[in-house]
Amino acid sequence: MRITHKILCRIFTNHSWKCVATFLCIAMCCVSASALLSSCISNAPLVDTAIATPTTTTAPPWFNSEKTALFLWIVFIGAAVTVSVWLAKSGRPIRIRRIAALEAVDNAVGRATEMGRSILFVPGIQDMDNIQTVAGLTMLGRVAKTAAEYDATIEVPTCRSLVMEAARDTVRASYLSAGRADGFSADRITYITDDQFGYVAHVVGSMVREKPATCFYMGCFFAESLIFAETGNAIGAIQIAGTAESSQLPFFVAACDYTLIGEEFFAASAYLSGEPAQLGTLRGQDVGKFAVVVLIAWGVLASTILVIAPSTVVVGWFLYVLQKVLGG
Amino acid sequence: MKRIIPMWIAIIAGFAMMLSSFVPLAESAGEMFADVFNVVAAIAFVLGAGSLAKQHLEKLSRRDAGWGYSVITLGSFLITLFIGMLKIGIHPNPSFPQAAYSGSNDAEGSAWSWIYEYMITPLTSTMFALLAFFVASAAFRAFRAKNTEAILLLVTAFIVLLGRTFAGVVLTGWFPDWASGLRLENLSIYVMQVFNTAGNRAIMIGIALGVAATGLRILFGIDRSWLGGGDA
Amino acid sequence: MSAGNFNNTNASARPWFERLDRVDRRWIFLLMFLAVSGPILWIGVTGKTLPEAPTLAARAVFQEIDQLPARSLVLISFDYDPASAGELQPMATSLVRQCAAKNLRMVFIALWPLGNQVAQQTIQDVIRDDYPALKEGEDFVNMGYQAGNEAVMKLLLTDFAKAFPKDSRGEATSNIPMLKDVKMASQFPLLISISAGYPGSKEWVQYVISAKNEEMNFVAGCTGVSAPQLYPYFPQQIAGLLGAIKGAAEYESMVNESLAVDGVATAPKYLQAQRRMGPQLVAHLLMVGLIIVGNVIFFARKRRGAA
Amino acid sequence: MTRQAKTWLVIGAVFVALLVARGMIGQGLGRVYVKRTDVTVTLPDTAAVNSAAAGAASASASASTSASTSASTSASTTAVSAPATAPSITSTSLASGTTMSWQEWKQVPPLEFIAAQKANPAQTEITMSWPRTIGLWLAAFFTLAIFSFLYADNPFYKIAESLVVGVSAAYWGVIGFWDTLVPKMFGALTPGLVKSLVQPSLVAPEMLQQISMVFALILGVMMLWRLLPRGGWISAWPLAFIVGVTAGLKIVSHVESDLMAQAAATMKPLVVSVTDASGATNMWDSWWASVANVLLVTGVICCLAYFFFSVEHKGVVGGAARVGIWYLMITFGASFGFTVMGRIALLAARVEFLFDDWLWLIDPNHFRGL
């Protein structure tokens, strides 16, 4: 097992990474081309699929041709991320714009040490099957490492048993990698209750009593966002929040010092790590975004021309974009 | 080794799940996982309960300040658990009287529904209701016209707040028909359908890409901080 | 000029706007409490409510239900818990009332663990109390709660009985008369979801409605906080939308008007939403007032700072 | 004592005085009435094997019937006397065809009690329920205790907090057991047991379901391994599995529903012509619809520009990003305004509980015929 791992790690970390990435890209392109081809054959004139009668040939059991576009998108994003990571690893400098909220993390942790108070980290109120919780925990890993280096205590009340266990593993390893294994105490990472407002009652109660110097809210939040943020504000804590729940963003924006909005939240862990490979994934995200912008512009243009002068070619283009590239 | 195996479990499971979405035969894998996850989470409750009991028992044995509150927490936890797990005082379902535990805990008049109605409901919904106070203080403090962004935030909030009550009708209801689009209630819907839709769409597209990149970082083994720390 | 400059000065020596700016937030809390409790007392004693002018989204909900032929099947999902009942219960009550009055066959489901209880309560308040002729199993049935969130929704599309193998009484789905011919969700011409978050209306759109938009119509009722995310789907995927208590009040007034009997006052339980619009109005005005005061302070301070 | 503290003391005193005055005058407050109904069921033939239930249940029923003849019957009989008897349900076996009966208490408005008393002062069908009345007062106490947190942290809030943590943690544990573990896991692995004890209508599990539940059980046991002194590291495996699967699933679902669907929905024509009923183009509406589309498309693209990480926010991108922030702020303002509405409704519901159910100050539902 160890040998296999070593080989794979070597592939992922050394120069042979380039070969693997190239191979992956070629493989992905081949697969997507064949998938596209098969979908083209199965419902031949591309443009007229909407009115064409469904063909009687059944889809191959190994691939759902209705999801070709989705598959291509994932392959595209995967390839964009892979190539960006490859470029980053091969030493090409990556410039990432400043994200104020993340620049503030070190200071916020340092402030807690100076004041001799604790740091509160709330990893959201959802379970491990929510990707925001996973993103929150990766962020916890970074914050806990900084806290271990600064010798600050970090309290993590959790709303789910599994999150508690995962958070304990994460923080333990962070202390270990910071060389302060002795500073770790599992008792600071506790399970409170699965109930949303039971959890809130406890967390705000202990906030008022223990007055943490810094509060992090990173994960999936619902109504409790403002209760936390206002209580934190009342006790004068520095507050940094991050969530992808767009309904809660206004409250964090209004009541916290710094807020990571949507995508920034997912980028946080990579940004803080400073590792080229991780920063490379951010570039990959940007490539995806650029593609979306171009597609939207294309679609808008096509549909506008369609309204002004309905010409067959443009109709064809427009339908092609919608049906094939966006699966609409 | 302790870190390598989990990493590969995650990588294999993740790619398998991703591919399963495209294979017609395996499309229900996601649903099956939801079931498996719910069961694992329910079993893991034992760990949460253990942590809860441990923290409060420790407080109790150390006679920490406020240990009396720990007694309340532990006592109410154990009593509720006892009543609920054993379905204390629950009659069998009239359709299946032969099955002793066929009755539902929620039956009116049971001890369980008493706990629900007179403890959980008032406590949690009052906690929820505190938000009404906090929105007021947050609006007072944070909605100040410091710069363009803040002005936009507060003007929009203003329009929606007024447009969603009778006050909007009183203030702008007299606008003539050709200017009905400027009536507060219509303006607030216009804001919702145009600006709010645009903002939310962009946030959603960004989140989708963020989720994809985060997922790929995990599945490529680039980000291992969820396993704790940086490198294995 | 920062607030910190005033730390050492005597409280009474501070200019008025500084004192107002540093007002203890507890006074704001008290104002909010009075703004809500005053109108409740007043409306509770006098029984008067404010008139409602239904907006497009609420009218659409009414029409969607109104246009269905009698005995149509309606799937009603209770995706909220008692914590959000203050906001959603009035619309749930009115929705069930309109369906019952139209003699539609209602199938209740819950994707939130506590949704079953609120569904049960609504059935009691509306169907059993006011439409006692409707029979459980033939005219309406409560399938109770199923764990699994979106997974349940997807399963509903292919196999109803597998998603909900039994109803809340414990009766197997195959034995329920009204569900005999129901194989999948798309056989319901109308889906109603009353939701407070995840899983809720947004997931219904993503997993069910986007796949079956031709066969099924969808109307949603939601809390204020989730309304902004649902407006983008209106009116394409969501045919009608009730946003928060305001939407509930508009819809409630329409249902009441359509079912009004001359000389008989509407039962007070069907006026819940309209009663709640009173405190809503005063509290919103308070919020607006607070924002204005906050800005007056801001500008007064800016002028003083510049002077 | 500061001036402010004194003011609050006065405000508090006024509230207490009003409360006391309320208790002295009027037709009382904070009572819950219940109506008794008798439930009788006949055991089916097949029941004789393992059930049980009947003997004990009828015992409990008879206990409550005898109690109901005395003056203060209430739901307490079900809630309190039944616990003592319910566990004994298991051992008695009985002949088929036996009936079992018990009583249920349903809450009724005070109006019904007054009417029933008027008709027959000696009736025992509708009575005041002590447990529920006490519950109501407790609920009022908890409501006020949580509200008291707005003033400052205090012992009442701490009591409420400790209680809600303990009760709700157990509550969700129980829900997890009865609603997830029993039907899903035990229902798949030990269907006979579940069928006979809990859910006679259980559908026989499929093979695949059983395999997945065995797998879930193994993962669950691995999780619990942590509690043992050695080998706790193995609990990282199920966690890794969950994280991996979540990542895999969410990539696909987010790209599908958020990225593709939202991008496709944004491809709107910048010029729209709206025709009215007669078929003529309505210039005014067309203009507005076109403006809306232009604003929408611009907004989405500008907001996306804001999210670019690898490009400095300068020049064209910077300008677009700035407009993007404006859009985001408008979005947040609108969300805030909408949410306020819901939050106030929640507070109104709690205040109604205090004024209506507890203090009987108002009677919007005509439960007391005020």
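Some observations on this one:
The chains carry the letters A, B, C and D, assigned in the order they are written, with residues numbered from 1 in each.
Keep this in mind: a residue touches a chain if its C-beta (ideal position, glycine included) is under 8 Å from a C-beta of that chain, and two chains touch if they have at least 3 such contacts.
Note that the coordinates shown come from a computational prediction; the quantities given were computed from them, not determined experimentally.
Here the two chains linked by the largest count of contacting C-beta pairs are B-D.
Closest to the protein's overall CA centre, chain by chain, comes B.
Each chain gets a centre from the mean of its Cα atoms; for chain A and chain D, those two points are 30 Å apart.
The mean-CA centres of chain A and chain C are about 31 angstrom from one another, to the nearest whole unit. Computed from the mean C-alpha positions, the centre of chain B lies at a distance of 12 Å from the centre of chain D. Remark: chain A and chain B have CA centroids separated by 18 Å (rounded to whole angstrom). Along chain C, residues 25, 29, 32-33, 36, 83-86, 147, 170-171, 225, 227-229, 232, 244, 246, 280, 283-284, 287 each make contact with two or more other chains.
Multi-chain contact residues, meaning those touching two or more other chains, occur in chain B at positions 5, 18, 21, 30, 34-35, 37-38, 40-41, 44-49, 52, 96, 102, 116, 120-121, 123-125, 127-133, 135, 137, 139, 141, 143, 153-154, 157-158, 161, 164, 192-193, 196-197, 200-201, 203-207, 209, 211-212, 214-216, 218, 226-227.
Among all residues of chain D, those that touch two or more other chains are 146, 149-150, 158, 160-161, 164-165, 167-169, 171-173, 176, 180, 184, 199-201, 223, 226, 236, 239, 242-243, 245, 247, 250-252, 254-255, 257, 259, 261, 263, 265-266, 297, 300, 304, 307, 328, 331-336, 338-341, 343-344, 346-347, 349-350.
Interface residues of chain C facing chain B in the complex, by the touch rule stated above, are 25, 28-29, 31-33, 36, 50-51, 53, 55-57, 82-86, 116-117, 120, 147-151, 154-155, 168-171, 227-229, 231-232, 234, 244, 246, 277, 280-281, 283-288, 290-291, 293-295, 297-299. Those residues of chain A that touch chain D in the complex are listed here as 69-70, 73-74, 77, 94-97, 99, 128-131, 134, 162, 165-166, 169, 191-195, 197-199, 201-202, 204-205, 208-209, 246-247, 249-251, 253-254, 261-264, 267, 271, 282-283, 285-286, 288-289, 292-293, 295-297, 299-300, 302-304, 306-308, 318, 321-322, 326-328. Per the touch definition, chain B reaches chain C in the complex via residues 30-31, 34-35, 38, 93, 95-96, 102, 104, 106, 116, 121, 124-125, 128-129, 132-133, 135-137, 139-141, 143-146, 154, 157-158, 161-162, 164-167, 169, 185, 189, 192-193, 196-197, 200-201. Residues 146, 149, 153, 157-158, 160-161, 164-165, 167-169, 171-173, 176, 223, 226, 235-236, 239, 242-243, 245-247, 250-252, 254-256, 259-261, 263-264, 266-273, 297, 300-301, 304-305, 307-313, 328, 331-333, 335-336, 339 of chain D touch chain A in their complex. Residues 196-197, 222-223, 234, 246-247 of chain A are the ones that touch chain C when the two sit in their complex.
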